[in-house]
Amino acid sequence: MSCLKQSNLRGFACEQSCLTRSDGSATFNQGETTVLAAVYGPVEVKLSKEHVEKAAVDVIYKPKVGIPGCKEKATEQLIKSTCETVLLVALHPRTAVVIVLQEMQNTGSLLSCCINACCQALMDAGINMRCLVCAVTTTVDQEGHIILDPTSKQEEDGKAVLTFAFDSKTNGVIMTTTSGIYSSQEYQECLLSAQHASAKIFEFYRDSILKKLSRVS
Amino acid sequence: MADVFKKVEPAEYYRRHLTHDARPDGRQLLAFRDVVVSVGTIGTADGSALVRLGGGGTTVVCGVKAELASPRPDTPARGYVVPNVELPALCAATLRPGPPTALAQTLSQAMADLIENSGCVDAGALCVSPGRLVWALHVDAVCLAHNGNLADACAAAVVAALRDTTLPAITIDDETGRVRVDSGRERAPVAASAFPVAASFAKFDNDILFADPTAEEEALATATVTVATLEDGSLCLLHKAGGSAMTEKELQQCVDRAQVRGAELRHLVNKVAASKEC
Amino acid sequence: MLTSMLTSITIYLNAMPLDRMRIPGPEDSKPPFVYETPSGVDVSNLVKTNGCRKDGRKADHIRPMFIKCGIISQAQGSVYIEFNNTKVICGVYGPREFGKREDFSMNGRLTCDFKFATFSCKQRRQHQQDAEEKELSQLLLQSLSPAVCLHKFPKAQVDIYVIILENDGSALSAAVTCGSLALADAGIEMYDMVVACSARKYFNSILLDPTAAEEIVPMKTNESVDEGEMTVAYMPSLNQVSGLILKGEMHTQVCAQIMKSCLEGCNLIYPVLQQSLITSIRKSLSNVDLQGSKEL
Amino acid sequence: MTDLLLSEAEKMFIIHGVQDNLRVDGRSCDDYRHIELETDVVSSANGSARLKLSQTDVLVGVKADLTTPPTDNPDVGTLEFFVDCSANAAPTFEGRGGEDLARDISSTLARAYSSDRCSSSMLKALCVVPSEQCWVLYIDILILECGGSLYDAVSIAVKAALSSTKVPVVKVTSSDGGKPELELSDDPYDSLRINVKHAPCNVTLSKIGHSHVVDASLEEEVCSLASLMMAVTEEGTVTMLKKSACGSLHPESIYEMLETGKNVGLNLNKQLTRQLLDEECLHTQMGTNREPKGFL
Amino acid sequence: MAVDLRLSCRIKQKPTTIYKEPDHLVTPGDVITTDTGFMRGHGTYMEDDKLYASVAGTVERVNKLICVQPLKSRYSGEVGDVVVGRIAEVGQKRWKVDTNSRLDSALLLSSVNLPGGELRRKTAEDELMMRQYLSEGDLISAEVQAVFHDGALSLHTRSLKYGKLSQGTLVKVSPSLVKRRKTHFHNLPCGASVIVGNNGYIWISPTVNEEADSTGGFVQDLNPVATADREVVARLHNCILAMARHRMMLSDTSIIYTYEASLAIGSLVKDLLKPEMESEVVTMARERLETES
């Protein structure tokens, strides 16, 4: 029987509008893990990528070191379709929304940090969204305990790493991806605890917006 | 008449079918297409498999070529498994010759994840001499016809080809360090006992869930999810990239169906492999 | 002085630029047959004393064929052919819009793309087309285009894609034969079918439809003249040669002699192609009938 | 190759002329235009040649380099052909426009030089230490202008450049470490020459109307639907045979073309050998005082 | 089966003598005159009251106008010039014609004589039939009707001597080798006709019966040409190429002289492809021109 071992998320922080040239930007921290996201859009689109009925979402993911390869491409596709789901793409046909993600530091739960940074940057850019999205990474350790928002060490030692992204309206699973071997029961447990933790992140989103708005006024 | 309706209002056409637990090709919602698997068809490969879904609607052939290389310095006893999925312009009208598409790259990465996570390749079999010589398995899946659900077809082809793969025995002369292929000894298999099987599902209109989508269905679907199961019921891959949200119940339904599907396919592949032996 | 000259001599690396769009393997790997003893291929005694080849065929026999049309669900026309172990698949798309914007032309255009699957040969092939595959694409195009009525589809192009799944010799002739059958399967208007056949000149005999073991290996013949192999693409009804390529060295009379043998081989293959095309048409016609009755 | 347009009447004039054995510039069907040749024009290369055939103008440079021999043939050197179609030659060659033609020329050359007698006579001498070191000859071909018969012009220039090539002599001293040590001879006159006895010259026969011509001008190339390329050696053997362009040929006319091509090729080789000997004599007579005509 | 392969150093080319040094040669940037009384023509520019050359060539003066004539340039046409051109494109109510000028020239549908009489009205059907009259690749002889403001030429063929060209061969030379003359159509005594286009395109064809050729070239005789006529055309072709290579001005007289010189030395037509023959024939013709003038 698996049980929740670490129910706390690491401390998270966010800074919006940290870049001046982009339409929206945000840095998101989860513990030491930091990702910088910049959003450009809706902008002119290359003819080859143009959609007649919706905006094309383009995600560019830059790892901290090295040149992006297949793995990064797969991550890009994952984030791209996650963002496409929450954005009201049909409002801006024949345009593009470009999201650039730069990994600054990785101490675990990188993918969830990327998605959270994306969501913040999209909000900052003021692009129409259907709802918000937030992501939580979990790990199942060798004893079958569940760890929320794991560090790199915990990810390595565990037998499986599972990441979920939730929608703020229905709390349904928009995105899920896993590595390692786990039982279906463990999967459900992880899903539930991640879902529970997502509420905290959405709350944090609200707070950061409130703070920003109060600063403006 | 039906053809016109399908062309003009494809979504409505499908909705009418799906709400009655039936699909245009006659399947029930959670039914998979027929699978034909044949192994060892390519004589020039060290292992190969051909997978056809729905009478050749989707066809993937996978060949494994083994070569010898020196290992990475940080993992001296580990061999290489290099899976790549090729979507040539031959397989669909939308593709043109050129570098791999985003889909091909995602599939390649998915196959790499599947092999890595499930541990379906016996790590020990790939090491010839730690720190000096290891095997590099080039696992290349080529899609010959694309009518949806490439993930399942590729996964089946890759795993079946790996299970068919054998390597020649290698001897290294301790004194001279000369490497020699020992053709006298029997070739050794590379596959471990783990046998992952992938099953994909698609969601339509936020509430209808169906299995093994065709290319048309994929274009209309609002979300797809792929589940890979192992023999003991555990999962080694669960992938849903965006799309309409799913509840934990729906996900569980997919997992349960994938377990059944996994058992079926494992049975089939083992039967085909056994028939090849004798 | 000498050392500096030697160090200035650079070794050219013919390594490909690293492919970022695919999962990378080790930088340098060697196929196991390099370490086999005795190394190399046994090219002696391709013909036994009783006049039979290693696979039991006589010199002028072609391998048995297996042909299946309509194998690719999405393509206009497609064919899979096995010449025993040589396996080739071809898909034809079009006529459709020009891929690239080109000058106005009253004639349609044909493109050919020839690829060996990475696992199809003894030595692993690369994912990207190499020089040999590009040359073969060109030869394929030149062999097929005389047969196609290009003026029937102005401003449009037909794409022919060929993948060799397993190469046990005569890959080019298999590709040509397969390509022309796929064009016919796609309903592209043609003056005639194109049939191709290869032949290897080996001492005094001409081996028709050679296998990989019977194909010529550079620097491994007996350094004699009149050894080589030829591939001929032929339109039997028009009695026209649409493609011709030779490897090896020989006198012109021998060239003519081998070409004649190839043409004979083509004439053997031609009726098989016709038959399989008719079978496939018959089959699809009966399918239409079934559907028609269902609609009623 | 070039998008040269001709009116129907002009084409008829050319075609009838060929039938009459009197071409537009007065030549008969098997005549070449005037060819001008010079070797050793690039001092920095190991060998070079410049050839002008009427408007066609090519420059070939040969550079020798040390490399590791191919694994399947450890005791020979290698040849690498590289063709560059300069944008000066034709506006269509700009950017990547000339790539297809360049690749086709280089693969045709590689095929022509791949015959076993040719490779062993030339390449065995290029081996320095079996399995360790050998010479690779990079043959760079620059197309400066094209006015028809490009393949023929290139092949003659390549043969001339190879015959003028001087590869430094390398002494091998096996040191105690087991690894052989190489030492370049410091005598500039002590050099290795390439044996071009078995190197072929290309003869392109263009089918125009019912006849065929050699050395077709650009206008004649437009009128030709199909052509046969053959590489002919000094002895009249064929090392490469290829049908090019998108037309087809009757088998009987191929047999005829083979014979014409052989005779023309024999003559071409004879002339070339004679001129190369002459050039060699001039070099030894004049020594360093020779004034190269060069590019003026 | 001739292969004429020779070493560069073995080719002895007689330098063809240039009889008179042109008077005033300039290169770009050279000051032509500091006199302000002159007018600025083609190939010159004015700065600080000085007239400079902008091309390399010879200075030509007509009254107060100073021009620099470049040795080699694209054809710049003038109204009344006779040109030979090739149809490059069939457009809306016009053909685009390659005449070796900077821009493609235009031949309007309204400026041609269509089959069926000079004064026939052009109908909508004619517009659709344009490719049947003249299609891409066809050669025409025409006259420059007007020069557009961008320098493009407008041509017309509204005379029976102009129109579509039939069997023959085209030689392209530099336009500077062709001087404007009264006539550019020559029926040479040797049995061939030559159209010396001002644009440097020279058309050589067997002479045809005058009456038969009154159709504007739309009815073409595609029967084989007699070998004797063909030989004349081939010889003229090689002569004109030789003259162009040695920068000899092209006129009916100079062409005939060169032709006769090539016959006089008893050369075969294809011998003229050899460089030494070329220079010999040209030198002979030049000497004859010199003595006769």
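Every chain is named by a letter (A, B, C, D and E) in the order it is written, and numbering of its residues begins at 1.
Going forward, a residue touches a chain if its C-beta (ideal position, glycine included) is under 8 Å from a C-beta of that chain, and two chains touch if they have at least 3 such contacts.
This is a predicted model, so every value here is computed, not measured.
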item: Shared interface partners, meaning chains that touch chain A and chain E; value: none
item: Most centrally placed chain, judged by C-alpha centres; value: C
item: Mean-CA-position distance for chain C and chain B (Å); value: 29
item: Centre-to-centre distance between chain C and chain A (centres being mean Cα positions), rounded to whole Å; value: 49
item: Separation of chain A from chain D, taking each centre as the mean of its C-alpha atoms, in whole Å; value: 61
item: Residues of chain E engaged with two or more neighbouring chains; value: none
item: Residues within chain B bordering two or more other chains; value: 105, 108-109, 112
item: For chain C, residues contacting two or more additional chains; value: 21-24, 30
item: Each pair of chains that touches, named by its two labels; value: A-B, A-C, B-C, C-D, D-E
item: Chain C partner contacts - residues on chain A that touch it in the complex; value: 67-70, 73
item: Chain B-facing residues of chain C, complex; value: 21-26, 28-33, 35-37, 71-75, 78, 85, 87, 89-91, 93, 96, 99, 113, 115, 117-122, 124, 127, 159, 161-163, 165-168
item: Of chain B, residues touching chain A in the complex; value: 102, 105-106, 108-110, 112-113, 116-119, 225, 230, 233-248, 251-252, 255-256, 259
item: Residues of chain D touching chain C in the complex; value: 3, 65-68, 71-73, 76, 100, 103-104, 106-107, 111, 114-120, 136, 182-184, 186, 226, 228, 233, 235-251, 254-255, 258-259, 261-262
item: Of chain A, residues touching chain B in the complex; value: 70-71, 73-74, 77-78, 80-85, 162, 166-167, 170-184, 187-188, 191-192, 195
